[in-house]
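Pasting the structures in now, so scroll down.
Across the two complexes that follow, subunit A remains constant while its partner is subunit B and subsequently subunit C.
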Partner chain A sequence: MNVVHHLPALLVITPLVGACVAFVAGRRVAPHVALATATADVVLAVLFAARVLAEGPFRYRIGGWGAPMGIDLVADGMAALFIVLTSIVGLVVTVYASGYFRSTDPTAYGHGLFWTLWLFMWTSLNGLFLTGDVFNVYVCIELVGISAVALVTISGGPDALRAGMRYLFASMLGAMTYLLGVALLYASAGAVDMATLSERLVPDTTAATGLALMVAALVLKTALVPAHFWLPTAHASAPTPVSAALSALVVKGSYFVVLRLMLDVMPDGYLPGAATLLGVLGAAAIVWGSVQALVQTRIKLLVAYSTVAQIGYLFLVFPLARNGRDVLALALTGALVHATAHGLAKGGLFLAAGGLITRFGHDRLAEMRGAARAVPVLTFAVALSGVTMMGLPPSGGFAAKWLLISAALTSGEWWWAVVLVVGGLLAAAYMFRLVAILIADAPAETAPAPKPVRTEWLPLALTAAAVLLLFAVPLISDLAAASTTLQSAGVTP
Partner chain B sequence: MPERPRIRLVPLAASLAVFALVLRAVHALPDTATGLSAEMTAGAKASGIKNVVTAVLLDFRGYDTLLEIAVLMLATIAVLSLRTDPDALSRRISGVAGPVLGALTRAYVPIMIVVAGHLVWIGSSGPGGAFQGGAVLGAAGILLALSGFARPRWSSGAPMRWVLAVGLLTFIAVALLPLALGGTLLQYPDESRKSLVLLVEILLTLSIGASLTSLFLASASDTSEGERR
Partner chain C sequence: MTVWLPVLLPALTGVVTFALGDRRGTARAAVNLVGAIVSSVVVVSLVIKSYAGEVLSHAVPTLPGLDFGVHADLLGLLFSAVATVLWGVTLVYAIGYMDHARDRARFFGFFAWCIAAANGVALAADPITLFIFYEILSLTTYPLVVHSGSSEAIAAGRKYLFYALGGGAALLVGVTWLTVLAGPVPFTPGGALASVSGHTTELRIIFGLLAAGFGVKAALVPLHGWLPGAMVAPAPVSSLLHAVAVVKAGVFGMIRLVNELYGPELSSALGVAQALAVLAAFGIIFGSVVALRQEDLKRRLAYSTVAQLSYITLGTALCSPLAAAGALAHLAHHAVMKITMFFTAGSLAETLHVKKVSALPGVARRMPVTMTSFAVAAFALAGIPPLAGFASKWLLGVGAAEGGAPWALLVYVASGALAIGYMVPILIASLRPGDHPEAAGTESDPRMLWPIVTVAALSIIFGLTAGLPGSPAHWALTAIAPSFGGLMP
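Up next, the complex of A and B:
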């Protein structure tokens, strides 16, 4: 058996085995199981990306049946990028969590189950990035949804339970609506495999309604304005490692499926108006999320609203994608760089915010003045994440905005470029406000650190990676060229 | 004072709009189905699993089922993660509530176990299978707990976690087996297809039954009505 041939399957099965073993082994052994699984997943993810870069996209036929009867996994550059991002953020979150849950109440029964739930979430994210089957997407989003809600409520506090309940309802509404859409699509086109669907799709009412429902459901799960109502409380009241995973990775899962549906499954001109609508909602998200982030008084809510804003950029790719293959390549690469940069920066920012909350014993921004003197590493991590979020050079966020603005100007739809610039200024406003509070010249009232906190370096590692991402842009652009979207559009790497 | 139910206009309007859209979409359906059922039936005949539902669930779309089993196990773990004391309900009910209940439960539970086994066995050729058998097994577990029979020691803690996970772990092992034989994930070798599917189904039945019982018992309130203030 050659591992390289089975990488897509192993990327789903490895964290799934880890989840089962962590559950059976019990709370003492579970952190070690999770760490071993996370390390193995990083190795598999890198091997997978290397293979896709070397050989281009390929399909993995589960059970040997092949689509449309069986389920195919689609291994392409876009999947590889998100899987590598998940493995890096995942490993950091796993290491951070082993410190985090040691310092919280060890007798809380639920905490022992964190590792199992977290590995289930990892399984479902990898499954989502790899699947080429719209029904299998449904099974994966159920797994993502249930594990995410359980992870939010794991601390058991009343705020977390209330936020988790709201998250659960939004999640179920999304999953059911999506399933309804799949049923209509199958009734019309007679297949659930994405590649088969893209060949068979005819513009009839049934298929169009089905696809519209599916995209709407995924937009709800991605928390695009105005369907963002569940996100800030859910992301802010979760335990810190969970907040980081939710903001950095989970919203990208459903976004990834929107990319597949809008750019791969639907032929040009299908669902007229949908692309423009998504772009307009994205622009609204950038403005609304940033304004909300500006007025928050609690640090985790500020960070969560910034996620609402940053999600908006990801949706600008859809209106731009209709302007020929050169603009499509620019816009898609820009969106992928942005998703990666935001994943790293926001993962790091949430971990840093969690570290500040631990040191101050509360989450009130106004009382965090002068934190820089007591916790310089965390403050530096916050500042670095700000660099990428505003899109200052040199950072991943800068490259993403540059690519998206180039796409907008090349296409002649200059107004999207205005949105991008305004978004950067608004991000600067809320990030400067946060950093100004932390570096203010005031004695900070932090609790003395109980022991040297090694985990403070983890958020810095992630935000620094987001800045250094600028140098990985050629790699991401190669991965984008190895995506099924750009290959079928005829863009040569 | 209980909150008065309010009619929320926005969700109501949204639901009605979706309903109208779906109605229009269903009305526009062609009269002849374009699904995959013909291919599936032919494939099931060739694979030796006569019940096409079982063939679809465990073979053609076995990957979906593998992840669905993960969903069920995850749901159980998610409910367990909310508990401060996962065995609260069984501790509250103690002692069998009367001779009739005790005698009936003693008579029914063995029959239910046999029915569950039968459903799994006939699943390869007719309606039945792991989900149906597991549902009957789960009901037997709930009946035992609610009638006040003492739980055996293995039904909580580490042994119970094994029972919950054994179905999924077996399924994963069987899914990975073809990789050593040169196939892809879940590509059962033709000669052992039937026996592998049966093995998976039997152990899945145990885990599904245990999951359903645990879900029910763990979602009971920590405190009984009388203890609330």
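Up next, the complex of A and C:
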């Protein structure tokens, strides 16, 4: 048995085994189990991406059954990219969490549970990225949702419980709506496998309603404006490592499925107006999220609203994708670079925000003056993440913006370019408001006593990776070319 | 890879500076000075190669169909050499000036990164690479502007960012649009857009966007508003960045834009060069007149910079070979002259707490060497022969007459008179008897004094050697010639 052939299955099994072992091992050993699992997952993810790059997309038949009877995993460049991103951010979050939970009161948190839930969520995310049929998507997305809600409420505080309830409501509503859509789609086309669906789908009302419900449900789970109501409180009141994982990875999971449905499954000319609507909502998200971020007085809420804004960029790909395969390649690569850059930078920014909260003992922005002198590394990490949020070079945010603006200008739909430029300036406004507070001179008497922040280099590593992501764009571009979307559109790598 | 060193060495110096932290002052000074000296040696060796006709270049592939590349041509090396050599001089000054300041690791680290970015702007082989370094320069300057952390500094920083990021956005749209229209457009002497026919309206709008983007850093009126406010930064920042590296990145972008992207011919044919020339001429007169009325010494120098940068833009926009060469030469000449003046202003503020023109009486008696250096730079700026300013203005004036724009000659003469008008009162005021209690002839810290003397001497040397190979004027003529189809007399 050659390990390389079973990489897709191993990527799901490894974190699942880790989760089970961590549950049994107890709170002292669990962090070590999680670290080992995370490291193994990084290795597997990199091997997996290398194989996809070398061989192109392939299908993995679980147990050798094959669709439509068995379950097929689809291994392509897009899946590989998100899996690698998840593994890198996941590893950093795991290391951060082992320090974070050690320094807090061991009885206040569901310690042992954190590691199990966290690895379980990782399992479901990897499953979500690999799955090739729309019903399996439902299973994975439900599992991601449940473990994410549990992680948000793990501290047990009243704020966390309130935010968790709201999150649970959104999550359940989304999952149920999605399942209803799957049922309608199955009634119409008699299949749940994505590749089969894209061949069999005929424009009838049942299938159209099913697809519309599924996309709407995923939009709710991705927190695209106006369905973002649950995100800021959930992401802001979770423990710091959870906030980072939710903002960097979990919203990307449901977005990934939207990409699959809109670009792979849905035939051309289906659901007219859906792509434009998603683009318009994306533009609205950029403006509304940024304006909200600008007026927040608590650091984690600012960062969470920034996520609302940054999610908007991801949806600009849909209207642009209808303009021929060259523009599709530019726009899809741009969206994938943006998802990667945002994952790294937002993960880093949440970890840095958590460090600042630990350092100051509160999360009130106005009282964080003088942080630049007290915790220079964290301040620097915040500033670097700002470079990506604003889309300034040489960050991944810049590369994404460049690609999307090129796509907009090539297709003649120049108004999306205006949205991208304005979004960058709005991001500059809220990020520099944050940086200006941290860098301002603090009155000596209110300067708080130093509290050790042991994990301050981790956020810096993530944000620095996001800032230098321009140099990894050839790789992301190759992975995008190895996606089923671009392969079936006839774009050669 | 050698061609990346002028970017990588200062960047590495910055990293080491941050790593050393705030306490190890001696190590920090040593690392920075060694970094500056090695970088200068590398740049000079590239200049020697480039004079011999060997232009090194290197590119790293990044975005699809788009390379991130630098090349060591004479044009770029002139700016790079000015920035790198003056970085070394300014470091000595800054080590003296910042002796008791806080957060010195942050200061020197970002200072080095600014130079790395400026060198990137100088050597960038295409508009996209230039844009990338241009934005990095904006970002790395911000912490230096707000260095003190006072509310005044934060406000100035906000204004600076507002302008810089707005300009960057215009530049981004312009560069993307141009690439979509024309494909990759590496800088080519004489213009890179030969393949584009028609699209005149689009090309005009793109030129406007790019000129606006560069115009922000070039303090082209009405985009100059950030510069006087940014004077709240420590003196070495005002000296090196707001007289040399940052503002010259803007005018250098203009030079690349007119000579090597659109080309002088296309720029005139589209009518965009003429529009830019009129704007720059207005900027010269506006900056000079406003400078006359400034009571704060650094603000007066800042408005003088606004005017002098527009000299360079005007010379470039005239699209005549001698004026373009004069503009490039003035980039170097103005750098040494204005840095002398800002060094002096910093010394007066730090040693004597003199910041206003009205507080100057007695200063010349107290610090004769410093004020003599200032006088040399002031006369050079006004264009008195045989100092540096005269050489570039001669080229600019002759070029204006040759290029069929005698009105520009009038602007240059008028602004020379205005420069005397805002500089000489400073000298006269400092010569008046005043009350500075310490013994006459006590200068500031020698680490601040000698850099002033050095750069003042350069203002004399650049003027005297203007005809010799290797001097900025000769260098500029050689570097600009290919844009006009060959060697000039």
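Quick note on the criterion: the second predicted complex is superposed on the first by the 479 of 493 C-alpha atoms of A that agree within 3 Å, B and C clash if a C-alpha of one lies under 4 Å from a C-alpha of the other, contacts with A are read in each partner's own complex, and residues count from 1 in each chain.
Everything that follows uses one rule, which is that a residue touches a chain if its C-beta (ideal position, glycine included) is under 8 Å from a C-beta of that chain, and two chains touch if they have at least 3 such contacts.
Note that the structure is predicted; figures quoted are calculated from it, not measured.
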A:425 in the overlay: touching subunit B, subunit C, both, or neither? Say first, second, both or neither. second
Does subunit B (first) or subunit C (second) touch A:439, or do both, or does neither? second
Which of the two partners, first being subunit B and second being subunit C, lies in contact with A:405: first, second, both, or neither? second
Examine A:142 and indicate which partner it touches, taking first as subunit B and second as subunit C; both and neither are also allowed. first
State whether A:190 touches subunit B only (first), subunit C only (second), both chains, or neither. first
Dominant toucher of subunit A (residue count), subunit B or subunit C: B
Under the touch definition given earlier, write down the residues of subunit A that touch subunit C in their complex. 330, 333, 370, 372-373, 376, 387, 390, 392-394, 398-399, 401-403, 405-406, 409-410, 417, 421, 424-425, 428, 432, 436, 439-441, 470-471, 473-474, 477
Subunit A touches which residues of subunit C in the complex? 60-64, 68, 102-103, 106, 131-132, 135-136, 138-139, 143, 146, 148-151, 154, 157-158, 161, 165-166, 168-169, 172-173, 176-177, 179-180
Within the complex, which stretch of subunit B touches subunit A? 18, 21-22, 24-26, 28-30, 33-36, 39-40, 43, 59-64, 67-68, 70-71, 73-75, 77-78, 80-86, 158, 161-162, 164-165, 168-169, 172, 175-176, 179-180, 182-188
Flag every residue of subunit A that touches subunit B in the complex, lowest number first. 1, 6, 9, 13, 16-17, 19-20, 23-24, 26, 60-65, 68-71, 108-110, 113, 116-117, 120, 123-124, 127, 135-136, 139-140, 142-143, 146-147, 149-150, 153-154, 156, 177, 180, 184, 186-191, 204-206, 208-210, 212-213
